[in-house]
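What follows is subunit A paired twice: with subunit B in the first complex and subunit C in the second.
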Partner chain A sequence: MTEVWMYFFGLLILISGLTLIFTENLIYAAFLLALCLLSIAGFYVIYNGSFLAVIQILIYAGGILILIAFGIMLTKRSSEGKVIVGSHLLFFGFLVTLGIALLIYALVGSSPIGPQEILQTTGQIREIGIRFLTQYILAFELIAFLLLVVLVGASYLGKKSQHA
Partner chain B sequence: MLDPIIFGLMIGAFLFCTGILIVIIKKNAIFVMIGIELMLNGANVNLVVFSGSDPNIQGQLMGIFVVVLAAAESVVALAIMLNIFRHFQTLDLNSLKKLKH
Partner chain C sequence: MYTFLFYLPFLLFFVLVAVYGERKIAAFIQSRFGPMDVGPKGMFQTLADLLKMIQKEDIVPKAADKPIFLLGPILVFTAIFAGFSMLPLNANIAGAAVESGVLLLMAVVSLDVLGILMAGWGSNNKFSLYGAVRAIAQIVSFEIPLGLSVLCVVMICQSMDLQEITQQQGLYTIDPIFLFGLKGMDIEVTQMGGILSWNVVKSPLLLFCFLIFFIAGLAEANRAPFDLPESESELVGGYHTEYSGFRWGIFMLAEYGIMLLISFLAVILFFGGWNTPFINIGSFHWANWTMGSFWEVFWLLSKTLILVFAQMWVRWTYPRLRVDQLMTLSWKYLTPFGLLLVFLCGLWKLMML
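Now for the complex of A and B:
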C-alpha cells in the first residue's frame, strides 16, 4: 500500500513539474507549484519525514505560495488581463538541463547505495526538539537571528522610499 | 518495482532539473523564483530520502533548516522585486539592464 502512495505522489510531482515547464500563465504556475509542494509533502510522509511534511504544508503551501501570489498580483499592470510569460534560451536551457540530468544519473549509478528498508519510527517530534536544543543549538539560534534580520530588511525594502 | 531509495533520488533529481530549466528559460523574475523554490525542494527531497533509513533522522533536521532559509530568501527576493517593479514598471528580465537610478 505504501508503494502505491509512493508512485501516486511521484506521478503527481512529475505531472505538475512538467506542466510548470510548459505553462505560460503565471497564475497557473503558482497553483501548479502549490500542487507540486503538497505532493512533495505527501512524499515526505512515506520516507518517515512526517514532521517535515507538516512544516512543508505550513510554510511552503501556506506562506511562500501566498507571498508569490501577492507578488504576481502587485507586479501586474492593470491593462493586461493575463500574465503571459515567454521563454528564451530554449536550446541552451535544455542542453544544460540534459547535462546535469546525465551527471546526476551517473553519480547515482556509481554510488554504493544498496536497497535499504524505510523505517517508520514514532516520537519524531520529541527527538527533533531534543536535537535542536542540544546538538544543533548554534544553528537554531543563528536561524532565529537570520529571521529577525529578514523581517527588518524586508519591511525596510518594502516601504515606499521618499526620494524615488 | 523500483527500490524506494532510488525512486526518491530520481524524484529529487527531476525536481532539481525542472528548477534549473525554469530558471534558465523563463523571462519573468517571479517565474525564476518559482524555479529556485523547485531546486531547493529537490535538494530537500534528497535529504529526506536518505534520512528515511536513518534512525537519527539527521537529514530531516537539515531539511527543516533548508525550508526556513528558503522562506527567508523568498521574502527578501519578493521585496526587491516589488521595488524593481515600482522603478521600471516591468519584471521582464531582458529589459532590466540598467543599474542606474
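Now for the complex of A and C:
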C-alpha cells in the first residue's frame, strides 16, 4: 500500500514539476508549485516524518507560496491579460540542474532510505523538541537570531521606502 | 477516523439552519422581522433560496481564466472541510490520529487562501482581485495572533492532539487537576470534573487567549466586523463577485463551514470539548450523570452553536473596520498581547507542575 502511495505522489510531483517548468503562464506555475509542494508533504508522511509533512504544508504551501502569488499579482499583466514568462540562461540552468541531479544520485546511492510502514506515530514532537534544546541548540539559536535580523531588516526597509 | 460521516451531513444541515438563524438574529438585533413568508415564521426560506440557487445558470465570464475560475471555490471548501477531519466527536470517536493535530488543522485551513486567490485572479475582475488581496492579507496577518493563542493552550496541555487535549479537561483525565491549576493551593478537583477542569478555569489566563482567538477567528472567517474582502459598499461582492448559482453557494458553504470549525476548535481548546459543564457535588454526581456517548456529542455541539451565535451577534452589532485599522489591530495590539500571554502562560505552567 505504501508503495502505491509512493508512486502516486511521485507521479504527481513529476507531472506538476514538469508542467510548472514548461508552462508560460506564471500564475499557473505558482499553483502547480503548490501541488508539487503538497505532494512532497505526502512523501514525508510515507517516509515516517509526519511532523515534517505538517511543517511542509504550513511553511511552504501555506506561507512561501502565498508570498510568491502576491508577488505575481503585483506585477503587470501583458496586453493579453496573462503574465507570460520566457526561457533565459538555458546553459547555466542546465549546468545547475545537472549538478543537483548528480548530488542527489550520489546521496541516494549511499544511504538506505526508502518507503516504510509507519513505525512510530507518537513521541516524534517530544523527541524533536528535546533534541532542539540539547543536541542542536547552537544551530537552533543561530537560526532564531538570523530570523530576528531578517525581521528587523525588513521593517527597516519598509519604513525607509515609506518616507522616500 | 470516520467522523466525516457525521460532520459532512451536519455541516450541510447546519448551513441550512444557520442562514435562516442568522437572518432572524440580524432582524431581532435591528428590530425587523426577517424572513416571514415561506412556512411558519419563514422557516423554509433557506430551502426556497437553495432551490432558486440550484436552478441558476452556471456562468463563466468570457475573459475569465477558466480552469482557475472553476477550481477556486472547490479548493476553498476542500481546505476548510479537511480541517474537520481532526475534530473528535466524543470520548470514543476521535478524529484522525495525528499527533500534531491542531497544527495540521491550522496548516490545512490556511490553504483556503490559495482557493481565494484562484477565485479572485481567475475572475479577471478588479473588484474580485481587490477582494482576494484583502482576504489574503487579512488571513495571513491574523493567523499569527491565532497561532499564538493556540500555542498558549498547547503549552498548558503539553499536547497537540485534540482528543488528548479534551480528555485532560474532564473526568477522563490522567493527571490530577487542581483548582485554577495551582498545585500550591492543594485543592484537588479531579473527581468533581465539570467546568472546574476546563482549560479556561484550569488556567484562567486562557480566557484572554480565548478573546484573541475569537477575534482572530472572526477575521480568519472573513466575517464582520472584518468582512473587508466582500464589503458590499466598496467591492460589490469581493472575490465571489463573478460567481453565480451553485459555485457561489460553495463559497457560502465554506464561509459557514469555517465559522463552525473555528467554534469547534475554540470549544475543544478552551471550553472542555465534549465534557459536561456540571460538577459532582457531594452525593449528586451531576458530572457522571451527564456523561456518555450521546451526552458528549450533545455538549460539544451545544457549546459550539453558542459560539456560532456569538459570532453572528458580533457581526450585526459592530461596524466594519477600515483596512489600516484592521492591520493595526492585528500587528500592534493582538500580536504583542499574544506574545505576552505566551510568556505568562509559561509562568502559569510552571506553577501547575
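Just so it is clear, the second predicted complex is superposed on the first by the 120 of 164 C-alpha atoms of A that agree within 3 Å, B and C clash if a C-alpha of one lies under 4 Å from a C-alpha of the other, contacts with A are read in each partner's own complex, and residues count from 1 in each chain.
Operating definition for what follows: a residue touches a chain if its C-beta (ideal position, glycine included) is under 8 Å from a C-beta of that chain, and two chains touch if they have at least 3 such contacts.
Source: prediction; values computed, not measured.
Chemist: Of subunit B and subunit C, which one contacts the greater number of residues in subunit A?
Modeler: B
Chemist: Identify the partner contact of A:57: answer first if only subunit B is touched, second if only subunit C is, both if each is, neither if none is.
Modeler: Only subunit C; A:57 stays clear of subunit B.
Chemist: So in the superposed three-chain picture, is A:43 touching just subunit B, just subunit C, both, or none of them (first/second/both/neither)?
Modeler: A:43: touches subunit B, not subunit C.
Chemist: Looking at A:157, would you say it contacts subunit B, subunit C, both, or neither? Reply first, second, both or neither.
Modeler: Once the two structures are laid over each other on A, A:157 reaches subunit B alone.
Chemist: Identify the partner contact of A:90: answer first if only subunit B is touched, second if only subunit C is, both if each is, neither if none is.
Modeler: first
Chemist: Which partner chains sit in contact with A:125 here, subunit B, subunit C, both or neither? Use first/second/both/neither.
Modeler: second
Chemist: Please work out whether A:66 is in contact with subunit B alone, subunit C alone, both, or neither, and reply first, second, both or neither.
Modeler: second
Chemist: Subunit A residues touched by both subunit B and subunit C?
Modeler: 51, 55, 63, 70, 121, 124
Chemist: Which residues of subunit A touch subunit B in their complex?
Modeler: 3, 6-7, 10, 13-14, 17-18, 20-21, 26, 29-30, 33, 36-37, 40, 43-44, 46-49, 51-52, 55-56, 59-60, 63-64, 67-68, 70-72, 74-75, 77, 83, 85-90, 92-94, 96-97, 100-101, 104-105, 108, 113, 115-119, 121, 124, 127-128, 131-132, 136, 139, 143, 146-147, 150, 153-154, 157-158, 160-161, 164
Chemist: For the complex, give me every residue of subunit A touching subunit C.
Modeler: Counting only subunit A, the residues touching subunit C are 27-28, 31, 34, 50-51, 54-55, 57-58, 61-63, 65-66, 69-70, 73, 81-82, 121-125.
Chemist: Tell me, which parts of subunit C touch subunit A in their complex?
Modeler: The contact residues of subunit C facing subunit A are 63, 65, 68, 97-100, 103-104, 106-108, 110-111, 113-114, 117-118, 121, 124, 129, 133, 136, 140, 160.
Chemist: Which part of subunit B faces subunit A closely enough to touch in the complex?
Modeler: Residues in contact with subunit A: 1, 3-11, 13-18, 20-22, 24-28, 30-31, 33-34, 37-38, 41, 44-45, 48-49, 51-57, 60-61, 63-65, 67-72, 74-76, 78-83, 85-87, 89, 91, 94.
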